[in-house]
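Following this line, the structures themselves.
Next, two complexes with chain A in common: one pairs it with chain B, the other with chain C.
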Partner chain A sequence: MSDMGLSKDVIYGRICQLIEPFNKKSVPLTPQTTFANDLDFDSLTVMDLVAAIEDEFDIVLPLNMLPDLETIQQVTDAVEKIIKG
Partner chain B sequence: MDLLDKFDPLIAERDRMGYRDPDPLNIVMDEVLSATEAMINGRKIILAGTNNYMGMTFDPDAISAAKEALDKFGTGTTGSRILNGTYQGHKALERELEDFYGMDHAMVFSTGYQANLGMISTLAGRGDYVIIDADSHASIYDACAMGNADILRFRHNSVEDLEKRLKRLPENAAKLVVLEGVYSMLGDRAPLAELIAVSKAAGAQVLVDEAHSMGFCGETGRGVAQELGVEDQVDFIVGTFSKSVGTVGGFCLSNHPKFDVLRFACRPYMFTASLPPSVVASAISSIRSLKNAHNKRAHLWANVERLHSGLKDLGFKLGTKSVESPIVAVCFDSQEELFGMCQLLLAEGVYVNVARPPATPMGIYLLRCSLGAGHSVEQVDQILAAFKAAQEKFSASETLRDAAGDKNAADRQSPDAAVATG
Partner chain C sequence: MSLTAVKNTFDTIEPTPTQDRLPRRFGDFPTLIDALEYAAQGERGVNFYSARGVLEVSASYATLRSRAERVGRKLAGMGFDRGDRVALIAGTHLDFVVFFLGCQYASVLPVPLPLPTSFGGRDGYVSQLRLQVESCRATAMIGPDSMVEFGEEAGEGLGLKFAGTFAEFEALDCPDGTLVRPATDSLAYLQYSSGSTRFPHGIAITHKALMANCGGQGRDGVQLVDTDRCISWLPFYHDMGLVGTLLTPIANQVSVDFLATEDFARRPMQWLSLMSRNRGTITYSPTFGYDICARRVSASLLKELDLSAWRVAGIGGDMIRPDVINNFAKTFAEAGFKPTTFVPSYGLAECTLAVSFAPIGRGMEVDLVDERILSGEMMGRVEQAVPQSADLADGDVMLKTASDEGVRLREVVNCGVPLPEYELEIRDEDGVSVADREIGRIFVRGASVMSEYFNDPETTAAVLSSDGWLDTGDMGYLSAGSLFVIGRAKDMIIINGRNHWPQDIEWAAEQVDGVRSGDIAALSLPSRDHGEVPTVLVQCRVRDMAERQAFADAIKRQVMAITGVQCRIELVAPRSLPRTSSGKLSRSKARQQFLSGKITALDY
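Here is the complex of A and B:
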């Protein structure tokens, strides 16, 4: 899989791009930005974002992991780990 | 820090709505006159927002069976199915369900919510996958939160999206795909044949919740899977007695030879009291009569057609283009319009459900109308007349408020608090 070699920066950048359409209040994104508090995403929005991330990286990101993924950094780390297998 | 402080936004939200009288979220039925009428605030109201699809709540046979069971077996079992809570009635009810569905094994739960909670969380364990529709009922989401499986969600009713997600899963992992025959908010049906086909191709087992399709879909009322001729492809059927059966309780059916072991593994089955004998007796009576209720089914579908086309003619935006179920969802853009219409309808003598995000999909505000076989054609016409009157009054008040520049923007935001109807 060509995605194996994706660097963390590339993954982070792509995730930020995926967040933008949901970022209705144009909150500036940083690795420490939180989904619930900073971005004010409700649970349905978060699940739609997860679907977009899964499709972007062709991975499985189970919803039961969500409680541990509060910031963009944490999602980036989780995606990197899943890609590496 | 107080534990309940986290609910302050919800309290504020409720307060903001609270000036309304009657409050659409706090309707009390003081008397219930029939399957279709109740007294609310001293007035006789037509009920067009229940799940009484087959009008069974006042069925004379179901009532007399319940009375007899009360006299013979008492008011309750005071215990779990696996201890002192299994009476001959519970066994007879399971046989009745097996007969109704033509399947080998039935398990009766105390509610449909618990049936989903128990089945899904127990069937799929660590290392297994549960794949659910995005618009799944709260009981299905809660089952996922309770269990240890990995949870995936596919776009509502999208065969392509389900297939794509299944293809990413390890071939030899156990997988459970959870579907509903009819989705309770918009009243739309699942394309079960196609969804089941891609699930089976991926080696998944399939559970179908027929809560909002039992009684009136399919030749003998088993649900959408029967209507589409795909029952033999369904591994588990979940259902409830709280809608078409007219009482309370839940169930699961399967042909799986090992099914019975779940009685000793499924915690929402084991650790709660069993249904009272009177409920069991009325469920048996009603299920038996649903099987041959062909005339009732025909009457119900004709009434729904009448309501659906009547509302469409009045210019309302409906959840489905054509009739797919007895649920006719009327969609609005704002909470203000939703609550306003609900109140005006009550004033016109008609009760319907209000439903808001996140209980509804896609941020829709909807008045959920549902009919039952108990409604007469005249009542359907009264419901339509009430909608027409409410619509005229609402647009008159809108014009007034627009002129006064009094649009409450805050009311147009969706709160993240579930206000689910059945």
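Here is the complex of A and C:
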């Protein structure tokens, strides 16, 4: 898969782009930004974003990973891990 | 196991048929096992679809029965006794169904446990599992591969006889035991869907109650016909998913197609695609499910969908919002959806599931009621109510939300006539039954009312009288035999169909430094878009603005971390939250006073 070679920075950047449409309060995004507290995302918004991430990277983010993903950095790491298999 | 591997293996499987030759019986069985064994004589069954709508697993009720029997033998062989509790992490998988039914063959009580639903919140989720297992003193916890680490963490030190995956349990090397079939009065399962997560109590349902409710839903509620096929994305750890779209289809011999809840949440359109492709006729959803579909559908998908076979679009599980429902009807009219398909319903896990269904084929009917009567500001009958059968024939619905005099009117939905098994009364504060169109508390008595909150006589006695009347805690009125529900259980906060108890949110907020017990009231307040926003009122003694901000932020974070609820925080003056005569917080008064401006929010 061509995405194999994506660097962490590229993944982070793309995830931030995917978050923007949901970022209604225009919270500045950093790797440490949290979905629940900083961005105020409810669970439906999170699942909408998960779908967007899955489509963007052609991966599946398993349900059992979600409880450990609090920040954009953690999601970036998880996506990288899945892409590299 | 990766998704693609599954796809390839099951490339050629066929879903179970919608129709077969087995004569329909409406849940007239002594137990769920008898119901399963009857259904197993036909060809119908359950089907599980992937996130992309590919059929991955299909099992006839006959297959389900034989696998369940094997699990039952193993449970008995392992030494699980009649009445023991086994916690099952309830993913939307065939394995959960096999084990839920397998427990019945050993007369063991399955207890469905929830799945995580969002980013973050690991600790809150694990402690929720643990509290439920402790509350019912389960002796085993079994779940899908993917959830095993959470299950093991939650069960640590509880002395469980078994903690592991479904596959590990089935592979255990132990001699088969003898099946122990339940009696009709035996408990069938415990349900935790509607209770507090911090102070959980399991709703105990007997086989007799279950069969009465399933039969009533099939025969009188949705009035099943030969061509009916159910499609569902509702979770098995919720009463509407477990009873409504799994056990009721078994008890009435209907094929079901399942989409996992988390897949629906990501790609809601798969629900309607499945309805279209498989000629689904029956499905249920809380209001928000209809809402996200109407908001996300694309023009190209609308052209592909054929929803003309759809017969029952059940609505329940949260307050029904007529504007959202009408918008769905309008959006999907092009795909053949008929507004008369909507079936508003009322139910609660304490009644197994269903209490009443609106008449089939009539669609949603609403009363317009003066908001002052509903909020208790004005006493009396719902005199002003003008029954407005929404004229949905042309798919263009306009409902008045305000009268000429500037009086705020609210739409109250007709949830239909109670199933024949129930007696239903609306009572005033003194427990006296009130007249038609007068608002009061909804009480019901009937075969499918729960036996008890498991092992909790005190909490049980608070809602269930010795002569069998259940206090639903909900408010409503009757009009010519039809039930109109105006408010859900007590002070419950419902977000996207999930119930949250204010006590849980208040408890979470009290864990923050500087908060004293009694400083907090968790409420649901109306939002600008006619929805509800969970709000925490906090008595605040801090004067510095920056400190106030930090204080409010800390509470918001703590509530989110523990309960997963995204709350608005409002700081109020010390001693401003109203109390009852016995000194307990009055949430309803706090809500009223905050909305009317008697309690004002402090700036921060």
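Basically, the second predicted complex is superposed on the first by the 85 of 85 C-alpha atoms of A that agree within 3 Å, B and C clash if a C-alpha of one lies under 4 Å from a C-alpha of the other, contacts with A are read in each partner's own complex, and residues count from 1 in each chain.
Here, contacts are C-beta pairs under 8 Å (C-beta built on N, C-alpha and C of every residue); 3 or more make two chains touch, one makes a residue touch a chain.
Source: prediction; values computed, not measured.
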Contacts of A:N37 with chain B and chain C, given as first, second, both or neither: second
Most chain A residues touched (candidates chain B, chain C): C
Partner chain in contact with A:V46 - chain B first, chain C second, else both or neither: second
Touching partner for A:V75 - first (chain B), second (chain C), both, neither: second
Which of chain B and chain C A:D58 touches, first, second, both or neither: first
Chain B and chain C contact sites that coincide on chain A, given as residue numbers: 42-44, 47, 50-51, 54, 60, 62-64
Touching residues on chain B, where the partner in the complex is chain A: 129, 134, 144-145, 149-153, 155, 164-165, 168-169, 357-358, 414, 416
Of chain A, residues touching chain B in the complex: 42-44, 47, 50-51, 54-55, 58-60, 62-64
Residue numbers on chain A that touch chain C, as the complex places them: 34-37, 40-44, 46-48, 50-51, 54, 60, 62-64, 66-70, 75
Chain C residues within the chain A interface of the complex: 3, 51, 91, 115-122, 125, 146-147, 149-150, 262, 265-267, 288, 292, 495-496, 553, 556-557, 560-561, 564, 566
